[in-house]
Amino acid sequence: MEDQGLIQYAPIGLMFLFAAGFVGVTMIATHALGPKRKTAIKLESFECGIQPQGNARIPFNIKYFLVALLFVLFDVEVIFMYPWAVNFRDLGIPGFIEMIVFMSALLIGFFYIIKKGALKWED
Amino acid sequence: MEVTDLEKIVSVLKEKYEEDILYAEMLYDFPTISLKKEKIVEIIQYLRDNSETKFEFLTTLCGIHYPELNQIAVMYQLHNMMTGKRVRLKTYLPIELPTVTSLTSVFPGANWMERETYDFFGVIFEGHPNLKRILNVDEMIIFPLRKEYPLEDQVREDKNDAMFGR
Amino acid sequence: MSTLTEDIRMADRPEGLEGQGFFATKLQTVVGLARKNSIWPLPFATSCCGIEFMATMGAHYDLARFGSERLSFSPRQADLLMVMGTIAKKMGPVLRQVYEQMAEPRWVLSVGACASSGGIFDTYSVLQGIDRIIPVDVYVPGCPPRPEQIIDGVIKIQRLVETESLRRRDSPEYKAMLNTYGIE
Amino acid sequence: MEVNHTIEDHIYQPEEKRYSYLNLGPTHPATHGIFQNVLKMDGEIIVEATSTIGYIHRAFEKLAERRPFYQITPITDRMNYCSSPINNIGWHMTVEKLLGIEIPKRVQYLRVIVMELARIADHIICNAVIGIDTGALTGFVYMFQQREEIYEIYEHICGARLTSNVGRIGGFERDFTPRTWEKIDTFLNNFPTVLKEFESLLSRNRIFMDRTVGCGPITAEKALSYSFTGPNLRAAGVDYDVRVAMPYSSYDDFDFQIPVGKNGDTYDRFMVRQEEMWQSLSIIKQAIAKIPEGPFHANVPEFYLPPKEEVYNNMEALIYHFKIVMGETDVPKGEVYHCVEGGNGELGFYLISDGGRQPFRLHFRRPCFIYYQAFPEMVKGSMLSDAILTMSSMNVIAGELDS
């Protein structure tokens, strides 16, 4: 690997540039080129064609939020496993034990959730 | 002499509702009985529970406007699925105030049929859960299927009668 | 032995492609070309024409060959409002609400005799043609029109889309036309 | 119902459940038709549904009072436009019953073939749409291809694909051409393989069964009290089929079974319609095998439009042609009710004629209109996605719903 340092990451940087560039250009182009007509009716919420009644911001049952939060929590846990899986051989046994400790901590949390009944759906 | 369906039904009816029957006839092998309107729901319930007739299925229900009699008739068709026998009951209501008791207590299926008859003819069914227009626009004031109202939409100006020889 | 290449005649390149193979053109043509082949239809299918539209979207006649693969049922992402079937008077305000909530630029294709003029139902409860409440771009006759006729209507809309100037939607004539319908 | 939300509505009172109102409105991809349901929801569970219909009410019954008899056929095939030949032939049979015309055997067999093809076409749409609503989109594409075959057969018979206006009072306007018989045979050959493939794709599919079994059930008593007929009633367990109960157009010459479900849920409705497609196929095969020779229309000149070469050549045909078109033929007075087994149930025509040019009153017994009123009761307490599945499995067709 003759060119050490940051230069080896240039292609990734270029890719991000292109991605951001493409998104930026299309957004700005469609915004500039597309005609805009902000009428009162157009800004109303679409209610399958009839006049919207009432207000959509009403308190929902708590179980939906709980499920969403728990999903995020365990999803982050899975993200930590990716780098581990890549360097699985290099880390060897000590790495394996650390991950076991990490996962068991979260497993205990999972059992706590089941005991508390946060995932119980049909109340 | 083989008893026709009509006589059987009429005999069953005559046991309790003698004076309510106006007349009965066979129209194209379909027994049709005209009744007074007061006890129509009772009679239908009686025909349903009577072991001989057992008309347990309401096939259809609709209104008929007779302009020359100045009356609106409401027609019920009942059906006995076991024996395949059918009967048509007709009641005649004055056009000024066509009211009859609602059948939804006996047959829940009559709910929308009665709303449609109200929507088209203006027949008021007493005891109906929510008697409002079902097919037409709610703001409509006339009862469109009465004979005196025109069919065409009066807004169109391109279909003048001269072109159609009317 | 005549060499094989004598009877082969090289076709000359289509007009405009002789040079290095790139165009210089107006922005409007490019935008028109992009819009033309990516129309997202809103199938406002109410009755028999709606079933004929299912046949048009089916594998045999396939409207997706013309770039309209993605049907959008909400007016927010719709470009083309395809009104198919009878529009009763009870349905009028709903149709008008959906049209007004469509994203600009928007086109309307009135498919079938009922949508175009009330069709065979000249009755008290049917709206005699949707052009009484919303501006219509292309009318497709037929009751119901064959799928080829619906596709022909979409092709006519595509020609309109391609040749439309970018400033048409802000021009005073367009605003005046909309005002005649009471749409500001 | 107007729902006005004030500030304190937003403070959650635990004792009184907060209900949200969802509008499954007129323009909604899931309601395969134009009707509206305001669903009172507790989270995902439906507490109450109030439906509004009439969005394409076209006043068929008033329109029918202004047209002579043979002009009413184009109205009837716009009622249940998924199986329009059944409506047309049902209407023709009602008028023939009023006029007392005797129909030759060959016409009855031809009518059975056309009606059974229409029934298959209707069930194709319904079952393919149930597949779509549970997420199996490929089924629709393959099955719709078969419906195109049926469209082509209709084009040979009557020239139109969907709104067929097939037949005349007294029979058909032309006999089936050999090309039509070929197309029917090719359809009979390759439809079973596609149907078996579609059935194997869905009927024992774990996801499909989990979604549809027990979704929107209705018991037989409640179905009868709501005057259900057709596949929805048979799915609830009652074997009532007009073709067997009151055989018309020589249906009693063919032997076919009536599929009956058990607990009236979406899975039973799907399977009943699947089985009915197989039965219709066998009926068509039997009809083709036993079809007798003979005239393709009854000998009733004052109601049957004579063919053009006769009109130009002999005098009576010209007079009959003129009288029929101008509607001067005298129709007997009378009240008649005739029903046929439509795609969705018992399709009845109640006709009162006062001898005039047009019917005095014509009432259509529309099965969709009658059994759709049980929808709020069938979906109470079920999930929203089940409600959409129940609606599409009941095969509610907007044209027939609001006449």
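Which chain is which? They are A, B, C and D, in the order written, and residues in each are numbered from 1.
Heads up, the rule we're going with is that a residue touches a chain if its C-beta (ideal position, glycine included) is under 8 Å from a C-beta of that chain, and two chains touch if they have at least 3 such contacts.
Fair warning: this is a prediction, and the values are worked out from it, not measured in the lab.
*Asks:* Taking the mean of all protein CA atoms as the centre, name the chain whose own CA mean is closest to it.
*Replies:* It is chain D that sits nearest the middle.
*Asks:* For chain C versus chain D, what separation do you get between their C-alpha means, in angstrom?
*Replies:* 31
*Asks:* Let me have the rounded angstrom distance from the C-alpha centre of chain B over to the C-alpha centre of chain D, please.
*Replies:* Between these chains, centre-to-centre, one finds 24 Å.
*Asks:* Just curious, how far off is chain D from chain A if you go by their C-alpha centres, in Å?
*Replies:* Chain centroid spacing, chain A to chain D, equals 48 Å.
*Asks:* Could you work out how far the Cα centre of chain A sits from that of chain C, in whole Å?
*Replies:* Whole-Å distance between the two chain centres: 37.
*Asks:* Quick one: which residues in chain C touch 2 or more of the other chains?
*Replies:* 90, 94, 98, 123-126
*Asks:* Where does chain D touch two or more other chains at once, residue-wise?
*Replies:* Correct list: 25-28, 54, 57, 59, 62-63, 402.
*Asks:* For chain B, write out the residues touching at least two other chains, lowest number first.
*Replies:* In chain B, the residues touching two or more other chains are 135-136, 144, 151.
*Asks:* Can you name every chain pair that touches?
*Replies:* The complete list of chain pairs in contact reads A-C, A-D, B-C, B-D, C-D.
*Asks:* What part of chain A is in contact with chain D in the complex they form?
*Replies:* These residues of chain A touch chain D: 47-50, 53-55, 57-61, 63-64.
*Asks:* In the complex, go through chain B and note every residue touching chain C.
*Replies:* The touching residues are 135-137, 144, 149-153, 155-156, 159.
*Asks:* Could you please specify the touching residues of chain C with respect to chain D in the complex?
*Replies:* Touching chain D from chain C are residues 44, 46-48, 51-52, 54-55, 58-60, 71, 73, 85-88, 90-91, 94, 98, 120-121, 123-126, 143-144, 146.
*Asks:* Please name which positions on chain D make contact with chain C in the complex.
*Replies:* 25-29, 34, 54-59, 62-63, 74-75, 78, 81-82, 125, 140-141, 144-145, 147-148, 151, 161-163, 398-399, 402
*Asks:* Within their complex, state which residues of chain D touch chain A.
*Replies:* Counting only chain D, the residues touching chain A are 2-5, 9-10, 12, 18, 20-21, 23-28, 36, 42-43.
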